[in-house]
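For reference, chains read A, B, C and D in written order, and residue numbers begin at 1 within each chain.
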Amino acid sequence: MGELMSEHVVSTKVYIGIWAALMVLTAVTVGAAFIDLGAFNPVVALAIAAVKATLVVLFFMHIYYEHQRIVWAWVGAGFFWLIILLTLSLTDYGTRGFLGVAGR
Amino acid sequence: MHVSQATNTQHAAETEHVLLHHFGDLEQQRQSATLGMWVFLITEIMFFGGLFAGYMIYRLAFFNAFAAGSNTLDLRLGAINTAVLIASSLTMALAVHAAQIGARKKTVLYLLGTIVLGLVFLGIKVVEYADKFEHHHVPGQYFEFQEPVSLAHGEQAQGEHAQSRIDPRHAELFFGFYFAMTGMHALHMIIGVGILAVLTFLAWRGRYGPQYHTPVHNVGLYWHFVDIVWIFLFPLLYLISRHG
Amino acid sequence: MWDNLPLWPERAATFSGRVDALYIFLLAITGAVTLLVWLLIFYFVIKYRHTKHPKAHPVEGSLPLEITWSIVPLFMFMIFFGWGAWIYFLESRPPRDAMDVYIVGKQWMWKAQHPTGQREINELHVPAGRDVRLTMISQDVIHSFFIPAFRIKTDVLPGRYTTQWFHATKPGTYHLYCAEYCGTSHSGMIGRVVVMEPRDFENWLAGGAGEGSLAGTGQKLFQDLGCATCHRMDTAGRGPNLMGVYGKPVLFEDGRTQTADDNYIRESILNPNAKVVAGFKPIMPTFQGIVSEDQLLSLVAFIKSLQSPQNAPVSGRPPVPNTTSPSGAMQQNPGGANR
Amino acid sequence: MATVTHAIETRNYLNSDYGLKSWLLTTDHKRIAILYLVTITAFFFIGGFFAMLIRLELLTPAGDLVQADTYNKLFTMHGIMMIFFFLIPSVPAVLGNFLVPMMVGAKDLAFPKINLLSWYLLVLGGLLTLFSIVAGGVDTGWTFYTPFSTTFSNTYVTGAALGIFVAGFSSILTGLNFIVTVHRMRAPGLTWGRLPLFIWANYATAIIQILGTPVLAITIVLVALERAFHIGIFDPNLGGDPLLFQHLFWFYSHPAVYIMILPSMGVISEIIPCFSRKRIFGYHFVALSSVAIAVFGFLVWAHHMFVAGMSVYAAIIFSFLSYSVAVPSAIKVFNWTSTMYRGSIYYHTPMLYALGFIGLFTIGGVTGLFLASLGMDVHVHDTYFVVAHFHYIMVGGAIMGYLGGLHFWWPKITGRMYPEAWGKIAAATVFVGFNLTFFPQFVVGYLGMPRRYYQYVSEYQVLNVLSTAGASILAVGYLIPMIYFLWSLRYGAPAPANPWNAVGLEWMTPSPPPTYNFETTPVVTWEAYDYRKMPAIEEAPVAR
């Protein structure tokens, strides 16, 4: 609690650094899309997007400096629930037709 | 968690008009607001999550159609818009910083910058949408889809009975998602710009300072969240199978 | 009186007994637990009523008890799960040599087509003692094909085949319901399933028909639509040879494989170039909007019947594929009808 | 700040201000709770009216009372009204709104204006939905299955869907308010291990509201877009998959069942210790089982789709996961029952509802085990067995809990006692009427009677007549409290601050409470449900 309140004032240099990183990553993701990586094209694209999103969440959105652990927990829960939605939907779509019986 | 007694009295006068009756102190109020905003943003994750789930399933099922649809999008405009939005996130972050240190003029300027960048984004989006209307890429009655030449596999295209490999209905699904996802995103942007306008006015009136700038911070969180959605939308929509 | 108040549905298929056994087991276990809870409530409420027991005795919890009443139910649940999943798995896998019947649902009626050509509306005649596989599709909204006496039910979807099967054991007439809400006359989308002695069923089959077998209809359509021009019964065709393709894995151009089931055949007719067989070119036009669901089913039945002679189809006359008439006009429909 | 509100003893939130504006623009959580109470009671009786027409139609096998289309609209509107506009707001928005701040020792919820906004959103959503009823109704069933709802139904689907969309935001904002309040507004000393179980239950509910409701919202948006522009996401004619709708819909709508039942479980966890005069058995297990239900509740949605044409393997996975959510429910039932062991039990009306809740929820819960078992579900899916099962959970469970809680806290909310004898009569009537209505439906469901049938084969008639007879009794059972609650507002005996000698911060302030709940912020130094030093319950006066 060095500050007036527990809120952290982030240096503008950090912001500009993050912005530069985001711009570079945007260029990288566009570049990577033109290289044939087979099945890994979407993986790379999403990985870069995830890194960018993490940078935004941690620094622009101040989660890195957040003292309330519960905020961390809720942010984690949000992404975790999204993964529940995606993966459990895929248990259906990913295994359709495995049995070789129409519609099963 | 509790502000020390000395600080409390020191800022008592400044505190009184912003502290709501049911909170014990400003710190509690600020933390509540931050937590509340984050929980709200979690609902937004799940809101877009439903779209992402549908998109993922159909993209896996109809990859060719999605790739063909994606290749008709203007990558340059998409990339420029990504840069514009990231820049607007930077100005937003700087606006929050300015409010925290009590630089009123800077706060207003950065907020205005954010609004302008947001409007630029929306303007480019309008250009893109107009292009879709022109090419009948809007799902519905008038939808048409011709497979772009690059994908139509040269030698086969020369065959007398060459058929499109793409079911236009599946390309229509891609554009359905394109409009649903970017439309929802744009709607969030429009709401964001509106809120920013009010916020800029209040900042100009000197409402925010080191003691109290929760609205600036929370609107910032919202704006960054909208940025994050775009960070995912850009590769998902614009960058399918761009090579070869 | 009891005619008007049946308390147990009839058991008329092999699954009926299996499901009933599970039901009785579940009733017994859960009934016992429910009874225990109710009796305990009554016992405590009476024994410890405040007039007789004015001072509560502090009992705050018990870890062994908590563990017991977590683990024991979980163990029972796993039995419920395993038993139910086993029945479901049996219900999901029709025997290979099951007799086929094709069902088309539409608002608000059921159409059944037998491989021999008989068509029925809101009725389904089947022999007792035979495995019967239903391949089902809807022309409009989602329906659900439900025969309570057989304890089976599966949704009938638009755009995709679903399958279920049964083995009727008891001749008689049973209810047939649509179980998925489908609009105004949902409750009118009912019919009857007539289970007949095999001999009676043969007679019934002999009586109706007239239009030739379903596979025969499909074969005729196969010629009329010009399919035979490319899908020749040798290796020289521009499309794959379809002899014996049903039920086998198919290798696609992009390296993926898929078993050629009813849905694959349907998709290949309606959206032929989504999955192109390795070694062939994406030149087939779509038949979207050209063939009806009924016709699609007859085409599927025909392609199913194209098996090598030693395991000839169990139903219908094995058709002799006609490879000598390239006369069928090639019906090119570039683009086809989109809807 | 605390010095001003010294005035008169009887100054409370009800008489602190008068006039319509003081209610419609209030930010006091207690007044907003009253607004909710009035609103959802209206919705409840509208939904109940539809239910009565449904039961009357089913008195005879033939369709003779209303048209088939009308019947379809009736069960659709019954479902929509009861689920989205009564059950989901019921306990959280009325009792939760009133009690959450008081139970944590706060002056109000964290965001009072947002709290008022969420009431307006519910009203707006309700009006939109009512408008679509008046304009012609909706006939899709509350489940809105595609492609029927998107392509084939020509009723007011979009209007009703929009109403639900708006009401969804009401639910989200209520949940958000509770979460922040529980985290940031607890009185000093009120640790998580000392929180009332009602708070735990509402917190768990809020988790579901936050994480589930947005998925319903986007699904509704997609249905509306599909109706308006034919974008084809759920339309098989465009290559879309109708099962995707079901996945997204049930991702919310299965956990939504826990939105309805969890808060009622919280109510029961308050009532039983009070009328047994002892601490709840296994506090931590009851508390954590609420959270477990909220979390596991999200892993089981596709058990609504076992016969829908889903992959067999997915069905097996979801069947397995479905049993995971049954364990914490069982833990609760056993702990409530054990709480009464060696207690000192009073038979007041709230306790009767709580006992009824345990009994009926047990039946509803164990029949859920039937439905989670794949082979069983194939037969009973979409039959009256399912209808009976979820009414045992939602009416036998959620509404019993809501009524129990309403009686329990009525003296606190209004400052008046309800007539105890009538309360007992009503509770017994509800219990008998409920069982007569819904138990026969298990039997008729196993016989094979599909749900949403306007006419049915004659052999099911006897059971349907029993059910309709039960529904009439149930209707009377619901009208009696409505009457005596209104009566008590004028003629009921003034309630003391703590008529049940219950523990909990809400009982340590006058009835009705002052606007800011507490004169000074309480400091909690005791564990929850510490009834050891509380005196016995005195016979409360019934009327002046």
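By definition in this document, a residue touches a chain if its C-beta (ideal position, glycine included) is under 8 Å from a C-beta of that chain, and two chains touch if they have at least 3 such contacts.
Here the structure is a predicted model, which is why all the values come from computation and not from measurement.
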item: Chain at maximum distance from subunit B, centres defined as averaged CA atoms; value: C
item: Highest C-beta pair count, chain pair; value: C-D
item: Inter-chain centre distance, subunit A versus subunit B - centres from mean C-alpha coordinates, in Å; value: 14
item: Whole-Å gap separating subunit A and subunit C, where each centre is the average of the chain's CA atoms; value: 41
item: CA centroid of subunit B to CA centroid of subunit C, Å; value: 45
item: Whole-Å gap between the CA centroids of subunit C and subunit D; value: 37
item: Sites on subunit B at which at least two other chains make contact; value: 31, 35, 39, 42, 45-46, 49-50, 53, 57, 62, 167, 169-170
item: Contacts with two or more other chains, residues of subunit D listed in rising order; value: 179, 183, 211, 215, 237, 239, 243-244, 247, 251, 309, 312
item: Of all residues in subunit A, the ones touching two or more other chains; value: 68, 70, 74, 77-78, 81, 85, 89, 93, 97, 99, 103-104
item: Category of the chain touch graph - line, ring, star, complete, other; value: complete
item: In the complex with subunit B, residue positions of subunit A that touch it; value: 4-7, 9-10, 12, 15-16, 18-19, 22-23, 26, 29-30, 33-36, 41-42, 45-46, 48-49, 52-53, 56-57, 59-62, 66, 68, 70-71, 74-75, 77-79, 81-82, 85-86, 89-90, 93
item: Footprint of subunit D on subunit B - complex, ascending; value: 20-24, 28, 31-32, 35-36, 39-40, 42-51, 53-54, 57-58, 62, 138-141, 167, 169-170, 172-173, 175-177, 179-180, 184
item: Subunit D - residues contacting subunit C, complex; value: 63, 68-69, 72, 139-141, 143, 145, 147-148, 151-153, 236-237, 239, 242-243, 276-279, 281-285, 306-309, 312, 315-316, 319-320, 323, 326-327, 330-331, 333-335, 337-338, 340-347, 355, 358-359, 362-363, 366-367, 369-370, 372-379, 381-383, 443, 446-448, 450-459, 461-463, 531-532, 536-537
item: Interfacial residue positions of subunit B with respect to subunit C in the complex; value: 62, 64, 153, 156, 159, 161-170
item: Footprint of subunit C on subunit A - complex, ascending; value: 97, 99-104
